[in-house]
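Structures are listed in the sections that come next.
Shared between the two complexes below is chain A, which has chain B as its partner in the first and chain C in the second.
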Partner chain A sequence: MLSQSAFDGLLAILWPLFFGTVAFFMFRAGGDPDTLVYASLGAAVMGVWTATSVSAGSALQRQRWHGTLELLVAAPTHFSLTLLSMTVATSTIGVYCMAGTLFWGRVVFGIELPLEEPLALAVAIPATIVSIGLLGFLLSVTFARYRTAWTLGAMLEYPVWLIGGFLVPLTLFPGWVRPISWALAPTWGMNAIRDAATGSGSAWPDVAMCVVLGAAYTATGVLLTNRILFAARQRATLSLT
Partner chain B sequence: MPPVVEAIDLHRTYRTTTGTFRRRSLEVEAVRGVSFEIAEGELFGLLGPNGAGKTTTIKMLITLLIPTSGQARVLGRDVVEDAHWVRERIGYVFGGDRGLYERLSALDNLRYFAELYGVEPRSQRARIGELLELVGLEGREKERVEGYSRGMRQRLHIARGLLHDPPVLFLDEPTIGVDPVGARELRATIAGLKAAGKTVLLTTHYMFEADALCDRIGVVAKGRIVAEGTPRELKERVAEGVVVEIEVYGIEDDRVEALRRIDGVTSVAVEDRDQAQVVVVQAEPGREPTHDVLARLDGVSLGRVTTREPTLEDAYVALVTEEREQVSD
Partner chain C sequence: MTSLRIFAIGGLMSFRALFGFMSPWIYIPTLVVTPLFQILLFVFIGRSAGVESDTFYVVGNAIQYSSVPCLFAMTFTIAGERFNQTLGPVLVSPAGRLPLFLGRSLPVIVNGAFVGALSFTLGSLVLGVTVPASAVAPLALVIVLASASCTGLGLVLAGIGLRVREQAVMLNIVFGLLLIFTGANVPIEQLPEWMEAISRLLPFTHAIEAGREVVAGSGLGDVSGLLLRELAIGVVYAVLGYRFLRFMERQGRIHATLERA
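Our next item is the complex of A and B:
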């Protein structure tokens, strides 16, 4: 809604294809067709996460630059609802990221996606995208209070690629990383999508965790919004760019 | 009938920090005990120079800032305790280029804010159409805001603030930076709002604007209301005095101080005009300060000297200058 630039649109189209291309070249060197499917699905969810983490932060910062943040706060609609709709909207760009990456992998690299559990996959994909959007919402709540917190969104982009298990299995990381990755909905979403596509296990428990975590992010975000906005009104940080 | 807007001894302090490694905290008292009331259907003006505390006061009333102390009520409800209730019933319009989505059309801006302000979807189209007509933007609503002039943006701001038809409106310097014709049109729109029964709080630093629009004016200086009354009452405060204007070419601060010490002089202000400055000296009724003023300016290169009756602007300058002097003392 905020941007109608053709250039922005072009970047949004090309960006996931870059991710996919890099991942496909890396994994093709291994010569194992199964890892190419692994990479294809991982690159698809990477695009969803990137679209959400970067956009969620910059969307609110853009409100500051436009001078509209105060208007959003002073509007009768609860600010958490405004913020939620903004971040979930940005995560829907992830639908394209996922479809574009899989299509690119099929057409350019000849990666055929198995569909062992179509129903589970049909549920796992939207559950993952929405829960990533809700994680973006929780992050963006803090951006209302701290002006430079939007950089956190950009900073989290690459670590979550790793600890979400998008490209590399979590078993390769030290044990202390796992509790962090379990707290992230993208980890469970990624597992659910892979299990549903390849049939390597039941996707439903992972889908359930994804939904539970998404609900937890929403509840925490709504509770935090009131406290953070009160602090921002006390410290007069809403009008600052 | 209870007042629609009440400010009771409002204070607001800002805390800023300086330095990177040795951080020092600095407190700035922007509002220092502001109190006033606005009755239903009244257009009340807060008049004051830049930095006087007008915008801070308005932001406390519209729930964007928490007062450091004091209380504010709108339609009888506390703006801190019942912020959500208050937000549903107020409109806020501010001056300047910001506060709009540049890449969206005026129509899309209004549609988005209509959603946020809870305007019923089925009545949105009609309401937006009415407002575009009211502010004179019909026919231009599909253009992107980035191509709008300052005046058009201001009119769009007003339309946005009226979307949910609030009974109380807060207008923060709505004509700032707008050309004279555009400003006149905006003033006509604001007068129309009052005629429609809205209660309006208007902040401005244009004397003639306050004079033309407001039922009552509160003059704000250094975070305090230094005078309050109808435009006529404020004019009467200085109507009996005399004003001497002296064109000078370079005047030192100690000379200005010397003028202030002349017996019977109530205020001295210096305005820059091109290469010269104009010293405006106001004196008490019955005093004729011209001789003493010229004596204290001996040696300064002088231009035209005129004596005239005071205007509302002189009343405003006198009030603001007095407050500044008291604070600096």
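Our next item is the complex of A and C:
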């Protein structure tokens, strides 16, 4: 059903294009061609987070609205698996965003992307997308008790764009921001993709960090799911009615 | 007197109904926190690119973000009647359409101006942007005018919302276009000529320019031309929106599509 939704499909692709376009104009005015490549790759990955954050925030709520949440929780399959597949699936819409943004940057702004390490890039892109999907899974579980979880998902869109280093180097932020950035898989995924595309460094340590953080998000999410479902069953608050 | 009652009380009731849905759990993330982060995002991109000052982005984005309450609330207060199954009773009533539709726009303008002013205040506090005391009142006027002008565009979109099913998609696309075209982050002189020409016809473009001049120390008299153009654009959109709403209402009756879209 989500694949038919203009909001989760078409808009998810167009939305980062608007911000990417503004960023391209701004960096072009700055006059350094290297920053345009930097911005183009960043704007491309922004779409993956956009596709994930709003959808993941509302993943549980959507099941509530459709009246299927109780059935999914009662099913013999662990609920984490059900939720995990939803959030990772929505993050894959980011592939279209990435392709669309890179194409837009190339055609409209003439940004030519380097491709220094194709193999590393071929691994870094899916690793980034999946790790972002896993972060979405953790968010969807964390927001389980909020009726308006979609607003929290949407609210996190700009902050992660900002401190994930998509368009702005982390060195520009105050020191206390950096540990938060390091706890986010998108930061490492972004680094990995940039390193692989431009050859500015080895992408593999960043890919490894994506995998490690993704595993940590999954483990935390599964534990939280168990705890939240247990509490919801005990108090009969699963439907939040 | 009846028209005045429909304008004032009807508009207020409609807006309160909207806010019955829009609890603080929605209002604070979407209209308080998000605009602040939009300001921060573009301020840091600006610093990274080495282009405009922090003040440039704070003014531009605070005013531009008021498009969210103006466009979304205006569209949802009218087209949202369909969702609540009250559109038919509203449109079947003999109430004058002018007070009916314009009454719904007044609280939207007030809320839009509040969001714009709050975003500017929070952005300035976080980033240490200072504004001369003499600029506060003129800037408030600029923000109110910008909200009124954008609500005019919101009336047009409300008319489209009577026919279009995916209103959220449409409104987000318009928001994105305003982000690019109104000079909130890129001076419109740096845009291609055709884009600059479109910018001049949109709400916010002149208000943002006026806001920046006011914050830089200009008086109201210096920016009166910009403010008059902003007002004129708002009036044109409001008239177009009102006529478009009437047209869509007639079309809805003729084709029995009021509840179907």
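Just a few scattered comments:
Here, the second predicted complex is superposed on the first by the 225 of 241 C-alpha atoms of A that agree within 3 Å, B and C clash if a C-alpha of one lies under 4 Å from a C-alpha of the other, contacts with A are read in each partner's own complex, and residues count from 1 in each chain.
Here is the rule we go by: a residue touches a chain if its C-beta (ideal position, glycine included) is under 8 Å from a C-beta of that chain, and two chains touch if they have at least 3 such contacts.
For clarity, every value in this text was computed on a predicted model and none was experimentally measured.
In the overlay built on the shared chain, the residue A:F230 is in contact with chain B alone; chain C does not reach it. When both complexes are overlaid on chain A, the residue A:T148 reaches chain C alone and has no touch with chain B. With both structures placed on the common chain, the touch criterion links A:L162 to chain C but leaves chain B unconnected.
In the overlay built on the shared chain, the residue A:L14 is in contact with chain C alone; chain B does not reach it.
Looking at the superposed arrangement, the partner reaching more residues of chain A, out of chain B and chain C, is C. Chain A residues in contact with chain B (one complex) as well as with chain C (other complex) do not exist. In the complex of the two chains, the chain C residues touching chain A come out as 23, 25-26, 29-30, 33-34, 37-38, 40-42, 44-51, 166, 168-169, 172-173, 175-177, 179-180, 185-186, 190-191. On chain A, the positions that touch chain C within their shared complex are 6-7, 10-11, 14-15, 17-19, 21-23, 25-27, 29-30, 32, 35, 146-148, 151-152, 154-155, 157-159, 161-162, 167-169, 172-173. For chain B in complex with chain A, the residues that touch the partner chain are 14-15, 59, 62-66, 84, 87-88, 92, 96, 98-104, 108, 112-113, 115-118, 160, 164. Interface residues of chain A facing chain B in the complex, by the touch rule stated above, are 1-5, 66-68, 70-78, 82, 230, 233-236, 238-239.
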